[in-house]
Each structure stands twice: as structure tokens, then as C-alpha cells.
Amino acid sequence: MFRNLVYNKSTKESREVSIDQLKAYLDDENSVVLVDLLNPTDKDYQQLAPVFGFHQLTLDDSKKEFHLPKLDDYPDYLFLIWHALNDNPKTENVENSQVSFYLGKNYLVVIHAEDLKILNEVCDRHAKSCKVIEEGADLLMHTYLDRMTDEYFPLMDRLSAEADILEDKIFEDPRTEYLKDLFAIKHKLLDIRKIVSPQRDMISQLTRFEAKFIKPGNLAFFRDIFDHLLRVIDLADSTRDIVTGAMDIYLSQVSNKLNEIMKKLTIVATIFLPLSFIASVYGMNFRFMPELTHRAGYPGALLFMLLVAVGIIMYTKKKKWW
Amino acid sequence: MFRNLVYNKSTKESREVSIDQLKAYLDDENSVVLVDLLNPTDKDYQQLAPVFGFHQLTLDDSKKEFHLPKLDDYPDYLFLIWHALNDNPKTENVENSQVSFYLGKNYLVVIHAEDLKILNEVCDRHAKSCKVIEEGADLLMHTYLDRMTDEYFPLMDRLSAEADILEDKIFEDPRTEYLKDLFAIKHKLLDIRKIVSPQRDMISQLTRFEAKFIKPGNLAFFRDIFDHLLRVIDLADSTRDIVTGAMDIYLSQVSNKLNEIMKKLTIVATIFLPLSFIASVYGMNFRFMPELTHRAGYPGALLFMLLVAVGIIMYTKKKKWW
Amino acid sequence: MFRNLVYNKSTKESREVSIDQLKAYLDDENSVVLVDLLNPTDKDYQQLAPVFGFHQLTLDDSKKEFHLPKLDDYPDYLFLIWHALNDNPKTENVENSQVSFYLGKNYLVVIHAEDLKILNEVCDRHAKSCKVIEEGADLLMHTYLDRMTDEYFPLMDRLSAEADILEDKIFEDPRTEYLKDLFAIKHKLLDIRKIVSPQRDMISQLTRFEAKFIKPGNLAFFRDIFDHLLRVIDLADSTRDIVTGAMDIYLSQVSNKLNEIMKKLTIVATIFLPLSFIASVYGMNFRFMPELTHRAGYPGALLFMLLVAVGIIMYTKKKKWW
Amino acid sequence: MFRNLVYNKSTKESREVSIDQLKAYLDDENSVVLVDLLNPTDKDYQQLAPVFGFHQLTLDDSKKEFHLPKLDDYPDYLFLIWHALNDNPKTENVENSQVSFYLGKNYLVVIHAEDLKILNEVCDRHAKSCKVIEEGADLLMHTYLDRMTDEYFPLMDRLSAEADILEDKIFEDPRTEYLKDLFAIKHKLLDIRKIVSPQRDMISQLTRFEAKFIKPGNLAFFRDIFDHLLRVIDLADSTRDIVTGAMDIYLSQVSNKLNEIMKKLTIVATIFLPLSFIASVYGMNFRFMPELTHRAGYPGALLFMLLVAVGIIMYTKKKKWW
Amino acid sequence: MFRNLVYNKSTKESREVSIDQLKAYLDDENSVVLVDLLNPTDKDYQQLAPVFGFHQLTLDDSKKEFHLPKLDDYPDYLFLIWHALNDNPKTENVENSQVSFYLGKNYLVVIHAEDLKILNEVCDRHAKSCKVIEEGADLLMHTYLDRMTDEYFPLMDRLSAEADILEDKIFEDPRTEYLKDLFAIKHKLLDIRKIVSPQRDMISQLTRFEAKFIKPGNLAFFRDIFDHLLRVIDLADSTRDIVTGAMDIYLSQVSNKLNEIMKKLTIVATIFLPLSFIASVYGMNFRFMPELTHRAGYPGALLFMLLVAVGIIMYTKKKKWW
């Protein structure tokens, strides 16, 4: 589904045109062209390619369901693959949705498989006009990238809060399922890093280029995105720190639990092994054991065992065995 | 609550004016204007915005209770969100209080929700004049930022000292509550990093700009703040090092305790299992057991068991089992 | 086996020539020469050296089966040793195959011991022509290096997926063989780093040189390879992170298992030690033990022991000993 | 206690003057002035300040007993707070002694509370002249900083050697007191980092300045100090590595000890539990137990138990249970 | 033992001269002078110093048996202390042998205590001539440094291989002596870092200098050494990674072993505690125990105990207790 918007800098008006009419505006310095192509079919690609003259390799890459972020510098345009966070708070899954950009002198082509809210916030597919287009193709792309970047911050907050809660739970009770949740967060962080880290490098590369398609005065805006991506990585690292810390707590709590178990075993053994020994002594079959024939022998032995038990308990309590 | 101070460079005098009179001074190169807006209401914002022409987005950000530090570069002013430490030694809580700055050519607007001591130390809201305003709007902002930055140092010292004390306590007795205290410190450090690290980047960005609103000769002062923020992060990292080390001590002490418990169990079992066995032997019902009918059988057996017990104790002591 | 291809920039045609005819084309500015030498014999080297005047040391290095990546800058050519991944999914082995390059003003010599698919994808040994040669010797080498670099990405994906699977398996059951598999992955990652890290430095060195043999406009392409190599190292580090995490899980699961074992021992001891003690008491040989002569003595004692057992089980269950 | 030395570049002579006479030399381009103020009283400060016009804030800082290293850039002088190692091999304590410097165009003021050997090595308080003063005020300060920096190297060596020895001791016997010694070293290293790391930044800042008070040709000397401070941090990090490693050894040795203890318990239980069981069997009161009435019953049972014991010991030895 | 070689650039001939004749050649732009001083005596130093005018401090440093690598920049020469690896595969010891260099405009003085093979490979002490001298004093020093740097690579390979082997051994059997070997490797790596890391900084410093004694065109060669030293540090870090990993394996194997031991104890206790209890029950002295007087009582009890034992074994096997 195409949506082709042309903005005229002189008349300060924008209007939608069909894909066939588009070519005329590309050479007009006064026009800014935005093509927003949603869920493109092969036919759409066949219509698109001849108008702009895009390289087949870039079209192939943009068709792929998942391609690592990349930036290719062609003579007539820049080709970017970016990933929008398709954050689904219900499934708590971090999904990436690939968005491709072609930035030319006075046009921006955006190709995406999903009708993402975040893209519509920049230029609503269904609105007549788009404010941002008036600032030119380069700032239009900047706005897209900037919004997609800012999407990471609430996600980072959520992950960090989840890790905090898990840490508290593990302090209470070190269950293996909490450990699994921790490692799920860790994997999400690694996935984010895998996407954000090449995007950071791409932006750095973009500002290093002689900026054919970005006006020099606008480079600062892209450096801004670079700073934000750096921040995302920073936050990911600090959350990973919490995860690692929680893991350490888990290990220490498991060790603590072992100590508790062993204390119990030790107490039981320390009380009953001596008592059993005493009972065994009086179970010996010697003919001459004066205690055995005494009237008070049995209650005396029971009393003695009681005293031993109490003595052991008091001694171990005093010595802080438990 | 507004407090609007205007300093005249020629007459070297400063006086308070109402918000309505302010506009006249903004275009006067000879004036330096400071607006200190405490706990602003919506009405205050409505009065403020038209005078300076601030962008609505910046006003929205400054109204928020918590926004990550940020720096926006507008044609007529710089907009900063900074966080002042509202260090409360009693509650031992690290609280951040958000402060917004608008730095224009010859004015500085400071918006804050709380009447912080640290802000009054720069320009007392209730004093007639303010020494620092004479150095210009850029150095005035520098002084604010510098003071707020220096607030971190005593806090870092306190956290580091707390970590040291916890380390010592854990050496004595590895309690779970000490571990919790350690992780509370760790979280404070991460919170500080989360605030300080973007502030450091903001200052770096500020000195990278063409410095529209900061005189080139004054950039060194901002680089100074950058150095201090770096130092804060350094100190946070070194305290985290102590926390991590204390965690290791905790684990080792828990292991040591397990060894102690197991030693006790081993000693008890090593003494009483053989003794019980001997008693059991003499409890066997064989008809022909010469020891049983002997007069000295019983005391002999007791003596034998005593000797075995002493032997085991001496052997294990010599072998350093305990 | 030589394959010598000469491309004429004026006629835009390429043709194969014998090694003896080659020298004529080297001084012709209009020609681009590609020599692809597969599995060279000593005789091949003797033919090659005098034509180009290569230094003996470089020939010796390229003859070696394994030499760390290196870059030597000679007056008339650059000499590179690179490593192609010879990824064999069946054996799951990471094998490196050494490829040597000589880049001169208008020629590129590629020496390799194995007929690698990845090299043929750039310039097929058996095809009549080669598209990439038309872009000049420097971009031809770039294409080789670029392709070989891109080979790492699927491998990194595979290693990362393997580490993920091992992590899950260890969560289920911490077997030593999984640990061995983890460390096999870790060693592969270290091997990759050992190769990729000097290659990254080489490319950085290449772009730092005054680029005698690389046209200034093409340096950006080499910087691109640098970025990709950085990415490979990034991915290796993130996979190593998973490996380290899985190792931590292993340790925690082993500790958990110990806890399980000790719980069992504790339960068994806690139930049977008291019971045995009771039985021992009634096995004592005191003459006056009223219970013994009672008719209900034996069933009473059994019942009592049952009650004790049930009491212990209920108490320990309630106290969550197990 | 003042010591004011004035060197005349023309006459190449130096002589001591009183604090009152000093002002005359400050404007004389031919003079180099060194003021060495030991353990200053408030009266000394009152004499000093008006002569040089030092800012009150700097005087306050230099009066403090402990202030983090800092560098302030004033129009007429640089103000530095540095820390000299007051290494006391006897107490094995790392003590820092604060030294303040004021570097002006042709003067250097050194303020220190203690009569440190390291300062006297540069310019002996009691000698008539001082060789280094001839090289100018900037190189004079360089010499002070350089000497104080070099003091760290023997200390780093000592700490590293101590850590090595502790590592060896822990291999032999993992005592908690060795752990405490390790952490004492770690804390010393953190303290050194806390001092050295801002000093490194100060020197870097110093060489970044337009070097008002340091001749451009002398900047290399300060960069030299920067390198040395980097080295100190390097050495601290490598010693910390040894400390961390020794900590790991401690943990592994504690685990080993637990294994030893548990082995012993297991051996004792594995031998005596079956033996006790056999004895218990023959202690049963069944009327028809043929073994009991047999003449060889008792010695046979003893022999059987001996065989069982030997069998268990041999089996467990073979199976490497111990 | 002196060996003084003078090369004449015009005649392209080199010849040996005595130390007294040397001074004449130092001012001759056409000459390149190499002084190779092996195991110098005090008398040698007294002969050397006046010829070149070396500073006493540098002579003192070069006399020391061990001095950290350093670089001093004097007006007439550079003074370097470097360390050659004196790799002794037999003793498996990493020994450093100190080499001092003085690099002047047209001379190089090399002072070393041991007759190292690696130095003779550059300029054989016993050969008549030396090829490398023809390239000038700076490249001559470069060749020395380069060779000494390359010596690290085989050592790094050996250490890495040793660590690999230890890792495998620890997987089999976690012995404390393997741990000691691991830490021996770790200490060697730290020692190498202690030498290589300042050498890297020295080379970086050398290329930062205005290169008084190194021709600008030759700086790239020194940058090459810098890269190699970086590589050595890289390899050291990756080997340390293996060492750390092997340490983790050690800990996990020790834990595994504990689990094995505890399993055995648990099995023994789980079988014999219930059996002993049953035997104890039939050892009770109740008058009315029907089983006792039954003919089949004893064999029945034995059978019952056998069934209980088999049941426990089967249950625990099924439940995977062992």
C-alpha cells in the first residue's frame, strides 16, 4: 500500500500523488517527496524500483523479514535498515519490526511490513498532510529515527523494574523460576544491544560521511540520536548489572539454605546419636551390670538421657550451632 | 512564585521587576535577567511562555515530576533538565529534585518544584541582589550546575563509608540483612549513574556545540563540570567495587560457616557411630560370648569405649579434622 | 594453478593470459590484472616472484600453513595475510584458511591453498570474465575482504543459538558434558577474536596509510569492513556473555542439586534416628521396665513410633524442611 | 614557617628574603621566586595572601586537612592541591599528605603541613640554594609533582609482593585473616586510585589549557607525569587482579576443605552403619536363630564384621571415594 | 666488551673502530655509528660517557639489573630501557633481560648484560658488517625493538596452549596442583603486561614526539611496533580469559565432587538407617512379641529387611537420587 506525499516549498502545500506521477517531482528542487510503503508486495517493488532507480540488492534486503541494521551509501541515495521496537506489554516480548529507508536529495522512501503506531506518529498515513515534511527529507528521516529510538526508554525502564522485583523475590526465596526470568531479561538486553549497537555505529558513520544527503546544519540532530542510542546501551548495561547482582543473591541464598538444612541434620544427629548410644549401652548383655537390676534403673536411665539431651541442646544453643 | 532579577552592566546595579516588565530587558544587551520560578502553577507557565517564547514541549517536560536529564538546542535558547541531589541524611534516601533551565543570550530561567538550599546558595531568592549575575547568564548557569554537581561528593563519601562498614560487619557475621543493605547501596549507585551519566554527556554536548549562548572563554568552566561528573562516576565505580568485594566476602563466610557446621556433624558422628557399634556388639545375643559373663566385662567395655572415644578425639585433633 | 585475468579499461574487455605474458600489462595504466593462484607449488612461486618482484619474506609467509593476519607495506605493493572462514557445518569446526594478497598499483595477486567457494563468488576461477575487476585492483581486494568478513555473521548466529540451547539444557539438568560444549563454544569465540582482532587493526592501519594503492575515494569502503569486523567482535562478546551466564546457571544448578541431596539425607536421618532411639530404649535390659511386660507393650510401642514418625513428617513439612 | 628563595636569572644567584621584601621580585621578569610554607598558621596565611593576591577560597582549601586533588585556573595563577605519599613502611599504612601549589608567571608557592623528605629532595628547606629553581617556576613545580608521582612505584611493588605472598599462603591454608589482609590491600589500591585518578585528570587538564603559566616547550614534561600516573593506575589494576585471583583461590580451598570433611564423614558412616546393622541383627530376640547357639557364632560374627569392614574399605578405596 | 661499527653512507662500507676513535665520526653526517656494549664494566662506562656526553642518570639506570621500561628525551639523544624476552623453554620461566638504547642523530648505543641471540640476529657481534646499519640509526633501533617484540608471540602461543591443556585436565580431575599451574600462567601474563604495557606507551610517546631522532617517513615503522605490542596485550588478555574459565571449571568440578560424595553418604544412610531400625525393633525386650517366637520369625525378618533394602534402592534409583 503506497502513500505518496509531495510538499511544495514555494506554495507550502502538500498533496498526494500516484506512484506514476512521482517521477516528475524528484527533479524539482522545490518539492519534498515522502513515499510510505506498507507491507509491500512484489508488484509494489516493481513499481517503486524504476521510479527511483534503487539497486536490486537493497530491495532484496528490505524484503527480508530480519536483517541486521545496516547503512549503504549509494551515489544517489542512502539506504538504511532500522528496527522499530514493536513493544507488546501484554506478551512482554521484545519484538523488532524492520523498517527500510531510502534517503535521496529531496525524497524519503519508508518501507515497513507492519502498520506501526510509532511511524504514524511522525506522518499519519491517513492524514492529508504532514507537518514534518516541511523541514526537508533529511529531517523527516531524523524524526522517524528519533521517535523509534525514544521507544527504547520506557522498555528499558520496564526491564529494569522487573529485574528489581526479581531481586527482591530472590531475597525471599531463591526459586529456579526466578532465575529463568532473570535470564529472560538478560537475553532481551542482549537482543536490544544486538540491534542498538549497530544502529549507534550507523549513525556515527552517517555523521562521518560528507553528508551528501544531510544538510551540514542538521548533522547535530543526528548526533543527538547517537547520544540517545548510547544512553540506551548505558541503561541496558546498568540493568544487566542488576541481573548479575540478583544472580549472586540467588547463589548466596541457595548456600544459605544449604546451611539451614545442614544445621537441622546436625542438630538431629547431635541429639539422637549420643542418646542412642546410651540406650545401646544398657542394651548390652553383660551379666554383671548393677544398674540393670536396680529398681530406679530404668527411670534413672530415662532421666539421664533427658539430661544429656537438654545438656546438648543448651550447649549447642549457647555455642550458636543453631 | 516568580522572582525576577535584572542586572544592569553599565550601572552595575540589580533590581527586581515584575514578570510583565521583563520583556523590555530581554533585548537590552546591557541587562542580565534571572527568572527563578519556584513550584510553578499552570498560571505561572501561562505568564512565562509568551514573554520568552518558549516551546510548548519544553514547558511540558519541565512540568513532569521526573524526566531523564536532557539538553535541547533551540534557536533562541538552550533548554536543560538537570537533577539536584536532595540529600536527606536522616532518611538515607537519595532523592533527585528536577530543575529546568532556559539559557538565552542574556537571560537564565530556572524552574524548580522545591525550594532547595543548594539553589539559594547561588542566588538567594530572598536577597536583594546576587553577586553571580554580574558574570553573565552563561556563568550564572554554570554556577548552578557546578554547585549541584559538587553535592555528589559528600554523598559518594557516605556511601563508600557505609560499604566499608558493611564489609567489616560481614567479616564478623554474614547476615542476609547486611546483604540487603549492600544491595541498597548498589542500587543507589546505579541510580546516581543513571542521572550523572546523561548529565556528563549533556555537558560534553554543550561544549561541542558552537556555543551560541556560552562565551567561548567560558567553555573551560563547563569542561570543569564535565571533569567533576567524570569523577563522580569514578567514585561510584570504586564504591561498587567495595560492594562487590563485600558480596564475595559474604559468600566465603557462608561457605566457612557450612564448613564449621559440617565439622561438628562429622565430629559427633565420628565419635558416636563407633561407640554405638561397640555397644551393639555387646548387645548381640550369642550364647557363647566370654566377655559377657566376666565380672569385669561391663566396666571393661565402658573403659574400652572411653579409650576408643579418647583415641578418636586425639587422632582427629592431631589430623586437624577440627 | 594460475589464473591470470587482464581487464582493459579502454576496450572494457578482459581476457586470460599466461604468467609469462603478464609483465607487459603491469606497466600499462589501462590494465587491471588479477592473478589467482590456487594451491601453489614451489615452481609456481618461482614463476610468480620475478614477474612482480615480490620480497622473499612475503613469499615465505604466504607458504606457511598458519600465520597470524598481517599487513606489510612495501614500496611497490601491500602484502596482506587474511583468513577466510572455511565453515563446515557438519563437523561444527571453525577452520581458517589462509589467503594472501598482494595489492599493487594496478594488480591484485591472490594466493590460497584451498578452492574456497567464498573466493569464487567474487571472481569465479572457471568463468571467462569477472565483473568486479572493472572497478580496479583496490576495490577488487575490498570485495574479497568484504565477502570473507560477512562469512562470520552466520557463524556468530549459529554459535549464539548453540549457547542459548545449552543454557536451556543446563537449566534442566547440569551435566558436565554441557559444560564441555559451552567451553568449546568459548574457545571458538576466542579463536575468532584472535583472527578478527588483528584483521580489524590491519584495516584501521590500511585506512591510516597514505593509501598509496587505494584511491582516496575508496577508503570509505575499507572503513565499512572495519565496522563489520567491529560488529563481529561485538557479537562474539555478547555470545561469550551467554556462555558465562550459562556457566553461572550450571554452578547454581549443581548447588541446587546438592541442596536436594542433603534434604533427602536430612529427612531420612530425621525420621529414623529418633525411631531407632525409641527401639533402642525398649531394647535395654533393665529388669524393671513396666512397659515390657504389658500385653499392649509391643503394639503400643509400634504405635508410638508411628506417631513419632508422622509427627516428625508433619512438623518438617509444615516448617518447609522439604 | 616561611622559606622564601629568590633566584636572579641574570646574576645566576639565589638568596633568601623575608616575606615582606617578596613583592618587589614578583614583577621582576628576571627573578624566579619560591615560597615554601611549612605547617602554616593563620598568621602566615594573613601575611601570604596580600603579597600574591590569592583568592580566599583557595586559602580555605589549602587549610583543610584532606581535600580531593583539584586544579583551579585563576587569571594570575594556577592553584593545585596534590597529595604526597607519606609512605610509612613500619605501620604499612598508606598515608597521604596534602600539598598545595600556587603557580604564577615567575613564582611557585608550596604549602604543606608536614616536613616531607620528598619535598626537601627537590628544594631542601635548609640549604642555601636550590638547583631546580634555575629552570623556572613551571619546571620547579614539575619536579615536585614528578618526584611525588615516582613515590608510588615502590609502594605498588610492595603491595603486589604482599598480594603474591598472601596468594601462596591461601593455597596452603585458607584462613579468614588472610582474606582480611587481602581486602586491606584492595582498600589501599582503591584509596590510591581515588587520589591518582583525579591527579591524572588534572595533569591532562593542565596540558589542555593554553598553558598560561607553563612554557609550551615544557608541556612534554607534564605529559610525562601523565604517563607515569597512568602506569600507577595500571599497576594498581594488575595488583587488584592478583587480589581477586587470591580471593578465588580462597573460595576454592574452602570448598576443597568441605570436600575433605565430607569425605571423612562419609567414610565413617559407610563403615560403621553397615557394621552396626549387623550387630543389631544379632541383637534381635528371635527364639530360633541358629547362629546364636553355635559355639563359633560370636567369633564368626566378629570375623564377618571384620570382613565387611575390610570389603567396604577396599571397595571405596578402589572407587576413589577417598 | 665494546663493538663499535661505523658505516659510511658515501662509500657504503662499514668498519670497526676503537672507542677512542669514535668521537670523530659522531659529527660526520655521512657516518652511522653502532656501539654494542655487552656486559659493561664500570670502566666501560667511564670510556663511553665522555665520548657521547650521556647524562649520569641514564648510565645509572642502565646499570641497574631491573628497571621498568622507560623513555627519556634528552636534547642530544633519546634514552630507552627495553626488555628482551630471554625465553628459556626448559625452565619454562619468563625471564626479562634489560637492554638500554641511546639513539642520537647518527648513532645508536646498545647496552646489554647478556649475549642474547635475538640481538645478534639484528647485528651479529662477531660478523664484519651489518646490513641493517645502512638504513640509519633510527631504523636500526626499530629493527632491534621489532625483533624483541616479535619474541612474545611464540611465548603467548605456548602459554595459551598450556592453559588449554590445564583446562582439559581439570575437567577430568580438579587437583589443587593444576590450580597452582593456572595461577603460575596468570602471574606470567601479569608480568608480561607489566613490561609490555609501558613499552606500548613508550612507542606511542615516541611517535607523538616531534621525532627529533626519527625521520618522519620512518614513524610508520614504529607505529607498527605499537600495533604488535597491542596484539601481545590482546593475546595475554585472551589467555587470561582461558585461565579464568579453567578456574570456573575447577570450582564447578569441586562442587560436582561434593555432590558425588554426598550422594554416596545419602545412599548408605538411606539404606542402613531403616534396616538398623527394623533390627532394633526386633531387639526390643517386650514379653509379648508374637514374631519372636515364630519359627519363621528370623528368616522372615531377614527377608523383610532384604525387601526393604531392595525397595529403597529401586525407589531411589527411579527417583534418580543416584
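Chains here go by letter, A, B, C, D and E, matching the order in which they are written, and residues are numbered from 1 within each.
In this text, a contact is a pair of C-beta atoms (placed from the backbone, for glycine too) under 8 Å apart; a residue touches a chain by one contact, two chains touch by 3 or more.
Not measured: the values here are computed from a predicted model.
> Which neighbours do subunit A and subunit D have in common?
Expected: B.
> Hey, what angle do you get rotating subunit A onto subunit E on C-alpha, to the nearest 5 degrees?
C-alpha superposition angle, subunit A on subunit E: 145 degrees.
> Please work out the Cα centroid separation of subunit D and subunit E, and write it as a whole number of Å.
24
> Centre to centre, by mean C-alpha position, how many angstrom separate subunit B and subunit E?
Averaging C-alpha atoms per chain gives centres 39 Å apart.
> Of all the residues in subunit B, which ones touch at least 2 other chains?
Residues 251, 255, 258, 262, 265, 269, 273, 276, 280, 283-285, 289 of subunit B touch two or more partner chains.
> Under that contact definition the chains make a ring. Starting at subunit C and heading to subunit E next, list them in order.
Counting round from subunit C, the next being subunit E, yields C, E, D, B, A.
> Touching residues of subunit E toward subunit C in the complex: what are they?
153, 164, 167, 171, 220, 223, 227, 230-231, 234-235, 238, 241-242, 245, 248-249, 251-253, 255-256, 258-259, 262-263, 265-266, 269-270, 273-274, 276-277, 280-281, 283-289, 321
> Would you tell me which residues of subunit A are touching subunit C in their complex?
68, 73, 176, 179-180, 183, 186-187, 190, 193-194, 197-198, 201, 205, 209, 247, 250-251, 254-255, 257-258, 261-262, 264-265, 268-269, 272-273, 275-276, 279-280, 282-285, 289, 291-295, 297-298, 301-302, 305
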